[in-house]
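The following blocks contain the structures, represented as structure tokens.
Each of the two complexes below includes chain A, the first together with chain B, the second together with chain C.
Our next item is the complex of A and B:
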């Protein structure tokens, strides 16, 4: 069925037919964050849709949180162990008061994919991570200009040397193909000419520097524009190309809205917002998260949760204290360890997250997270984390929990089997609930977003 | 005023309300417990006071009974003397008040769980009519004995009380609680008379009160055997050492060598442990890990043959001390472990070097050359192959001489490992601050100093070559002759993005030589300090009585950890998945507790017929 793009991306408002309730608040937080606890979702429902969306963009508490994490990231990065830095970022995702900002940072990390293993310098990776976070909800050009001179990126793309006699085309190619335009919107000559713009860009002693003597001062022709362009100007020409807004809009929609292939005309309203706002992502993301399409049945529960969303979501949702090094190893086994993308294209995502092996791994991870040691619960126990009280049957608390966990309702037979586990005789309450959540993780609904 | 209300340790002196309100604050199980104990104390519900064979005997008659109650198959035996005194000593220790003043401890003492525990103890105090501390002292006054059989997993406990009446009341209270808290249809235990005492059989355990003795076991038959042995000992005039652990030769050997002033005695019968297959690697007699062999090879040697290991444990205001004894004839040790024991077991460690502010020091007798050259006899083929490869590479580094024969063999069989917190120069402040580490040994031939120095310079050159390829800062090498010693070392300098807070700035590798002494250190400063300490020694070849001696000093350890507070907090956050506040609280508590750690000393000696291990954990001077 053909969807009208104008209508799809126009503003959605809750009404009697589609009320602002716990399930919709959970949908917002799963997509624009990593899930929230039932109590936090209750607050969102009380505050209303507009306030809840505003709060995502306000990023309250980010500064205080950053200060509390600063010395931690400094210490962990100085150890020069990129694995430790990955654990640190996972902890940030768990504890951040601004999960939307972290989610945006994760999106940009996948977009400007850089692998810590090859970079082999934690400080450079940390600097790039900060750069992405600083611009995650800002404008595109400062971010691309920054990433173009980012040490980790240049090391990762073997672009630490670029001499006028032998221009290095690696970064120019990826800037066009993967970061801004997408395939088919540039020629091999454009790559060669853009690479000439970047001549003289070097990395020495882990710092970017411009070597004037190695810069090609001659005239270049990039994407139909002529001039004695330098690197900054070359980046600007690429960003200003009409294909950029379409390419970026499509990537945002695929990450936050749908795993389906979306065509140019369908994305055009979002691309137009990007162009008209000078690529201001806070404006474009507000349009996306407030759109009729985002809140439609064609979208809710139609994405596959990536492993990070699933694990961090469960940890945040239940207030679990878990060893981040252990989580890091588990996510690596599931193929989704931040700072360690598979290649420069980042993670493919969508249905690729799940196969026979990773599905078992996902269920095992859930079991480990909810089964106690080495995990503990901020509420004191799993039973308290899910909101039960002494003597309560699952009917008193399970519906609310499932509304927060799942994007779509369970089949009655599935619900019955969960209820049977939660209310069975014998075993402690925590054990029964852990078994129930593990069983839930074995159901397809749990892995949808 | 009652005895109870005068008690210094009386838990009821707390601000827990007494009366109906007190019940209201309790959870259901505790309310039940209160009622149960009230009923139990009102009458002798289970263990009525009756005249029996045991009542006629005085405590002194059988005060030495302990191991006699356990079978010959017993694998581990533990005897605690004056347990109540130990508890009292800990409670009255000068460190108690400062520890209780810690915020985290204060919070714990106010927690509902602890308040409930206090109340429960108070209830038992009221049941038995005695404060808990004097009660424990009386109940355990004749000693606590525990026996464990590794094969059958049976455990037996025998406690002798100084006060039969108190034991009767306490046992009654416990059984009364068990009886009335039973919600099932069947009785939770069955009581029967046995040898004039009472035996209560539960589903998974059996307990008994036999005069002044309290017996317990997870196996009914074993408890009955214990009761039989006790009865026999109490009533028979025959030798006590008949068919029991106490009559076995290994136990007798260990028991006769025990320290009668110690608070605790532990005996482990090693043959049953070996037969049970437990801890196979410990009893294998060998290891495929060269470092483990180097440091523990002699102990592995002894453990594969020794009949027992025993230990005396003492606790006082200043320290907790343990003396462990493992029988072994060192003069019969095999040749391939001479690197560990020395000839005829006479290898002795050098005396420690006094360097101010040390975190710790290890001094040991180890003949590295002999260890390396015995590798074919000590390790499996794959390990030997790896060592041979290392031998070849190291021989190249050392200018073509044989690494085992000429390099390691050129060292005296003594080693010192010293650790000290380091200070950093201007502009250098690593986020993770490692202590400086140095190894000190002596050269058989002082002329070989040049060979070691050149090899060190080659190593630095290799490191620089590697760093150069990675565009990293390099080590600048310096060599100086100081007053009485030669120092060669290298230093990194901050450059570009490589600021002084990086991990690598913990290192300024150095070698120093004084007479026949060679010092290899992770920092130049530490090498210099050690060289000067050796230079100032009156007799720098003196040896100790130990094979290995380890010293740790509490205050410098605390200082070194405090310097890494941020790193500890960061790791705690990541490993526990908590926020900064919680991690800070945890690490600060650890650091505060370290204020009360004075230090530790481990002294490992080889004597003609046994290995002795003395361990001391010292508390910090409370007056500090």
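Our next item is the complex of A and C:
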């Protein structure tokens, strides 16, 4: 079925047929955050759609939160253990008052994928993480200029040396292939010429520096433009290429909206917004998250819940106190540990999250989260976390919980299975609810987002 | 020049070995169980991907060629250090595991493997190896995945297993059936409290059909079913079969130990796939490459010993490949950049041991890179037609001649 792109990306408004309710608030928070508890979703429903979206972008409390994390960051980055830094980021995702900003940062981390294992310097990884967060909802050019001189990135791409006589082509290649244009929009000659722009860019003792003596001052031809370009100008030429807006629009749409392959014409309204706003991501993301397409049945539930979304979503949704080092190891086994992407292309995403092994791992992780020895709940018990009161049968609280958890309704028979577990005789209530949530994790609907 | 036929074979230790092999007993004269083992019905292929681009020149070293020493001013392996195969080439000294396999007639070395118009991008060249050059047709279908989809030989449950973390290799990409990925055997145990109750409930739940228009839900539904069935089988393997012994404690060693256990457990799986990464040696190559090669050689040697003791060596073949070799001339960082043709290895109890095809000449280069003498699809065709008993023509899109790599 063809969808008209202009209409798809035009603004959606809740109405009587498609009301602003708990399920829709949950959809917004699963995609533009890491899920929320049923109580928080209720607040969003009361506040209305516009206020809820505005709040995502306002990033209230970010500064206070950052300051509260600072001392931890100092300790971690001097400890030089990139694994600890991954735990730290997971903790941010759990605790942050601005989950949308963390989600955007995770998106950019996958886009400018850099692996902590190879970089082997926590300070550089932390600095890159801050750079991505600072620009995550800002503009593209300062972010790309920053990442092009980012120590972690240059170490990761073996681009710490760049001599006049021996230009290093690696960064120039990835800037065009993976960060801005996508394959097919440049030639091998463009790579060679762009690499000349970057000559003299070096990393020494974990600091970026420009070595003027090693810069090739000559004329270059990059993507059809001629001049005695330096590195900054080279980056700008790539960003200004018409393919960039299309490439970035697609990546945003695939991360936030749908796992389906989307083509250029379909993404054009978002690409146009990017071009006309000088690549302002708060404007483009507002268009995406307020679009008819985002709120249509073609998108709700049409992504695979990635492991980080699944785990952080349960932790935030149920207020679980969980050991972040344990979580880190389990996410690594599921192939989705932040700061440890599989390669410079980042995470493939979509259906690649699910296979026979990761499916078992996902179910085991859910079990661990709701019933493992390290798990306790902010509400005091799992029963309180899911919103039950004394003596209540699951019929009183389960529908609301599922509306917050699942993007599409369960089969009636699946619902009966869950009810039977939650209301069975014997065992404590927490035990029964933990068994119920574990069983829910075995059902295919749970893995949709 | 493209050579599609085997040009010459040289066994590891001259013609004597060749003569003695020709006296091996024909399969029809052997006992029933042994005959089954050789009939192609339960032969096993283990593919090891060497990710990053293995430096073929420092793997099978042309120590008899002075040009090698001119181009590899710091990285060359000394004449006295190579494990000599013949007067011209020898193995990297870290490949003692491979030289042992050569002595035991269990290692075939195909030289100069590549393809026309070489692509030097990791991702694109790897895609070619994974899909066998039919990228444009369907980006999600791998050469082994196509076998799983189409060949009656692989019609049973669990036809192929990807063993390792990370995303499933494109080579196993299928259209109709899913291939299982396994991180570790232990991680395949369901850990959900009352396991019986859980599996009974979920099995019942999965028996209920979902909205057939929801393709993504259908995919996850199918994955869940496969996961439960696989988990059950793997737990059975863990509970009933003996773990492999005497494997190196390396990452690859652990993976091959697990695969040996799976092979021995009677699992119907015919294809196993593992990766061994880190071969993108742009700088300070010597130590890293040496470590990677000893990990490779030692793990495969241990695997063959273990399979031999368990009686599976004659029905197992191990194929290695990498997306490309590396530039002939080393770079300024004591490393090597992306190149082209390189040797690949096939280990097993039924391989025709020794060298196949010529080592690419170091003076006839194409933009500083070696010219290939063997198209990788001829190797694939050989493995499919001669080893797995799968007609390679529909899989590879056309007919490729087989090489003489198996004694079957």
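Here is the rule we use: the second predicted complex is superposed on the first by the 448 of 449 C-alpha atoms of A that agree within 3 Å, B and C clash if a C-alpha of one lies under 4 Å from a C-alpha of the other, contacts with A are read in each partner's own complex, and residues count from 1 in each chain.
What we mean here is this: a residue touches a chain if its C-beta (ideal position, glycine included) is under 8 Å from a C-beta of that chain, and two chains touch if they have at least 3 such contacts.
The structure displayed is predicted, hence computed values, not measured ones.
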Superposed partners chain B and chain C on chain A - clash or fit: fit
Contacts of A:335 with chain B and chain C, given as first, second, both or neither: second
Partner chain(s) touched by A:417 [first = chain B, second = chain C, both, neither]: second
First, second, both or neither for A:322, with chain B first and chain C second: first
Touching partner for A:87 - first (chain B), second (chain C), both, neither: first
First, second, both or neither for A:348, with chain B first and chain C second: second
Touching partner for A:445 - first (chain B), second (chain C), both, neither: second
Vertex chain A, arms to chain B and chain C (CA centres, degrees, nearest 10): 80
Contacts of A:123 with chain B and chain C, given as first, second, both or neither: first
Chain touching more of chain A, residue-wise (chain B, chain C): C
Smallest distance from any CA atom of chain C to any CA atom of chain B, in Å, after fitting: 11
Overlapping contact positions on chain A, where the chain C interface meets the chain B interface: none
Chain B-touching residues of chain A, taken from the complex the two chains share: 68-69, 71-76, 78-80, 84, 87-88, 91, 94-95, 123, 151, 204-207, 315, 320-325, 327, 375-376
Residue numbers on chain B that touch chain A, as the complex places them: 430-432, 471, 473, 495-498, 501-503, 566-567, 569-570, 573-580
For the chain C and chain A complex, residues of the former touching the latter: 121, 123-124, 162, 165-168, 178-183, 187-194, 197-198, 201-202, 204-206, 208, 210, 214, 216-217, 219-221, 223-224, 226-227, 230-231, 282-283, 332-333
Residues of chain A defined as touching chain C within the complex: 158, 161, 166, 177, 183, 259, 301-304, 332-333, 335, 342, 345, 348, 351-352, 354-361, 363-364, 367-368, 371, 408, 411, 413-414, 417, 421, 434-435, 438-439, 442-445, 447-448
